[in-house]
């Protein structure tokens, strides 16, 4: 029985704890740690059958019975805890991003070099049934050579401005998933990026130094072209779509809905909106990514999303930021 | 240049006149006749370049220059005019139904026996792009052996009760098209029919001795099963769909819409309603059926919808009427 | 903590055990019983944390710690075990059907009369997200008064003929779900039924005295009309759809698919097939129905699907059987 | 009766002649002119009832009976013939583009200044039922303020390289329609453009100095962002879609198909491909644009697509060309 420790008992930490407990055979959550450990969280941990709930995550790192650590703490602590966990010989599943600072990510990659530790980054969309189906169509040659990749990614509503101030901005907290999807879908690297954007949702976002709406174009290493469009607010729900177009045809994926019900009346023919909430939308993907990581650890397989895969989208995001600031295309090689 | 005379200058007569004038090369409408010939109709005929507008249709039958007659008059006159036109050696395109009286239809069929006259019945749906695509899928074996045929046929709104009183009832004025579609889609004959129905739209229809909502099941000569559902009122438009299910799969056709626009907002994801009006929905089919008839005349081909094809749906309709009245399955062989 | 005993360790028994263990807080499976208890099943039970695995279900009924019994054994044992469980004061969740014999079902209903036992029948589709959305649209008045209810229900492939011989036939093992859906969707009772059918999939099914393809029409107590079409084989998957049409419009539900991927190429625009396997299709519904039952027990609520709800579809199924045999409409009041 | 002369008897000239003859009441084509006037074209003109077929278009300009001239000749003659027709006092419908040379377009605009001549440019998509529905949704406020406009525009196959050599390149012969659509949909002006592209379809296109695949982003005067993706080859047909996303929601339009047929089998659920051929796809739009122009002439209304509307997309196209060449965003104000 693989023993798991979870660092960070916020929303995503709890999601992982519950999905491991329910779905992952041969693994159990032994401990959870959070600097702001509430009575409520303790009660929840107890109900979930988690043996230990700590305030200090070092107790998890120090526990020789624990094989795997999930880092679900705030972003600014990811790289430091990663380094400590690697030093302690724990396998690490780290929520994205590893850091916004390229040097800190590189330090994690360096630490992994001579280590036997498995390290996976939490790009959950790679495990989503829709994105996987699109990737499979591209990979298996069903659309021929990829020519154009289009990603639509719009949140149902903007996060609090307080979050935006520390998030690294739209390209590093939101588009980062889409940058990962560009790499995942295309099997190629982004070489150059150009971004345009605006403050069209909430002026407070602009005052915080960020934009809320963007279109980013990219040139890929395989000659294909890619484009992402983002917005912090879509009235109809969480809008996550991909279109991959190639020499033999196109694969497109749409959103999931709560039901297939369609109502026809004098107003029109109305289907359900996309699922609104990312946890609901990607619940199965959260289970699948952690299951895959545990499988990689147990059976000594390669992880699905490496620390390098964690670095690349940050580089692209920083290039996009620079592109927006300087209104010119920016090569990824200019960054880091 | 084929010369055409149109008997009946109501809605459908005018539709045919306009579509021949616009689309059918090598044919022209020389004359139109209507017992209630208005100044407006005369002006319309003149604008259309129709040389003659008569009150008495016998003038059309007597004109040796006219090759083809389109019978677009009221239903109760179809069989009589058919007989006269056949006797006059005119090729006849007759709007459906030939008559509600089986004997009168048989008289037309008998008159055709030793004649060289081409005779086609106006079951326009056989020429509709959607129905043709479904038929082609069935005929070409794409769904294997037909097992279940389902037809949904709902009008946007009920006709005036005055019409219902003389129409022969729902099975003879509305379902008759669907009975034809059962034969067209299946390539088989209806052997037995069972009908249930109700007055769910308008009590006045019930007072007029008819129903406004029905489900009719049928056993076909090839062993397949069929079902039609009808209603005189669909708030969302003219609803005309078919599903043909067989040993290898299914083909389904839906409705046409004015555009492909889909609006997503807080209320849902809303597409356009089906086209509301049968003339708009089937405009291309009206052109195609008359073109096909002219082609059959000019090139001495078999007509697409024979007088026998005009008889069969009337037999099925009368059997459905009897089934509803007696609440039991009725064999077609019991009728006529 | 509610203690549950499961009688029958076949496919569905295991499904319930796993879903309770994973998803139902405040309840646990204490014991499972199966007359053919294999080592494999024992190992599975052990891995699931089920304390006891018996050959004889009476040990479950005799255990005072057990509050709830799930009857997942073969159909012919349902009513007998129900009676014993009720006598033992256990709350009962019984897989459908309670029995094929109306008198035996009535005996269960009678036994419940003076008992405080909760009894729910396993019509899982009532808990499916799509069917619930359609029901909600009807119930909330979104389509006005119900006029026509259409259910398509086709299995991906026929069960073994050995099963068909004991299943009670297509109307009692397959259509029974659809009969329940007619009542659920309409909120009305079936008063009269007429069935046509054929052996179009496999002659062996005919030799076993059953049909494999059917259309059943029904008159409902609220004046609405209903129709079900069934087939034992749909090459494209498990096809479960409903269309409810009324005075204000229509609600329609389609199938679930593994992903939303659509591939466009020279062949056409191709989406995924419906989910193939009923367990996968209805997994969430299995969880929801048992959760609802446990909630009814714990909080003394009315059960969602009563023993009477278990009786009614059997009556309709027997009427359909009689209708097919005698080729005439049969009133439900003629049965039982 | 308005008399029309058509200059250029190629494909599009004939399309206009036929649609006017069939559908436009109160107008007739009196003459057609083409420097390469074949016997076949003469026979066609005769069959269409066109009185005159000339080799020299000056005969049309000299005919005082002719009110309207349609310029359907090769692109390099558009501006010169426009100037002559304006001088002759003819109302002009000119196929797009007026010219590739900004100065020549400006000369036409200047010539119109003190003239009473109506001048419309042939941007047919503005009259397409789908594009109009999307425009209407935006204009009427159904999606709130426009934030992101996405246009997908892919041809079924590349034109001959000989055409590409004289066409002005992808941005001026293909994307020009999409640039017009950006203005039409948004009701705003393009201020800055950035283009990336590649030769992914046919190396011969690259050798001719052009690209065959492109993504173009734009900043609009109302603050919205726009993106177009183009490819010269889509195996599944002529792919013309728009997505307009705003503060209240989104409107999206898809392609038209030959039928609504959907075939479900073991391979998947397959719908028809988009219509393949632009003439078929936009036939109604060709009729509508000429009808609108004739209406503008007869009733002295403003034309739907002015000479200025003809100039703007050329400016954007030239900016896109410069952007691609210099790999930097280019302001429209830098051009012309």
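The first chain written gets the first letter, and so on, giving A, B, C and D; residue counts start at 1 in each chain.
Note that in this section a residue touches a chain if its C-beta (ideal position, glycine included) is under 8 Å from a C-beta of that chain, and two chains touch if they have at least 3 such contacts.
Going by UniProt, the chains are A, B, C, D = Inositol 2-dehydrogenase.
Computed from a predicted structure; not experimentally measured.
Just to note, of A-B and B-D, the chains joined by more C-beta pairs in contact are B-D.
Chain centres were defined as the mean of their Cα atoms; on that basis the chain farthest from chain B (Inositol 2-dehydrogenase) turns out to be A.
Put simply, the C-alpha centre of chain A (Inositol 2-dehydrogenase) and that of chain D (Inositol 2-dehydrogenase) have 43 angstrom between them. Remark: chain A (Inositol 2-dehydrogenase) and chain B (Inositol 2-dehydrogenase) have CA centroids separated by 58 Å (rounded to whole angstrom). Rounded to whole angstrom, the centroid-to-centroid distance between chain B (Inositol 2-dehydrogenase) and chain D (Inositol 2-dehydrogenase), based on C-alpha atoms, equals 39 Å. Within chain D (Inositol 2-dehydrogenase), residues 235-236, 248-250, 263-266, 272 each touch two or more of the remaining chains. For chain C (Inositol 2-dehydrogenase) in complex with chain B (Inositol 2-dehydrogenase), the residues that touch the partner chain are 145, 147-148, 150, 152, 154, 194, 196-198, 200-201, 213-215, 217, 219, 223-227, 229, 231, 233-236, 239, 243, 245, 247-250, 327-329.
In the complex of the two chains, the chain A (Inositol 2-dehydrogenase) residues touching chain C (Inositol 2-dehydrogenase) come out as 22-23, 25, 47, 129-130, 132-134, 137, 142-143, 248-256, 258-266, 272.
Only residues 235-236, 263-274 of chain D (Inositol 2-dehydrogenase) touch chain C (Inositol 2-dehydrogenase) when the two sit together in their complex.
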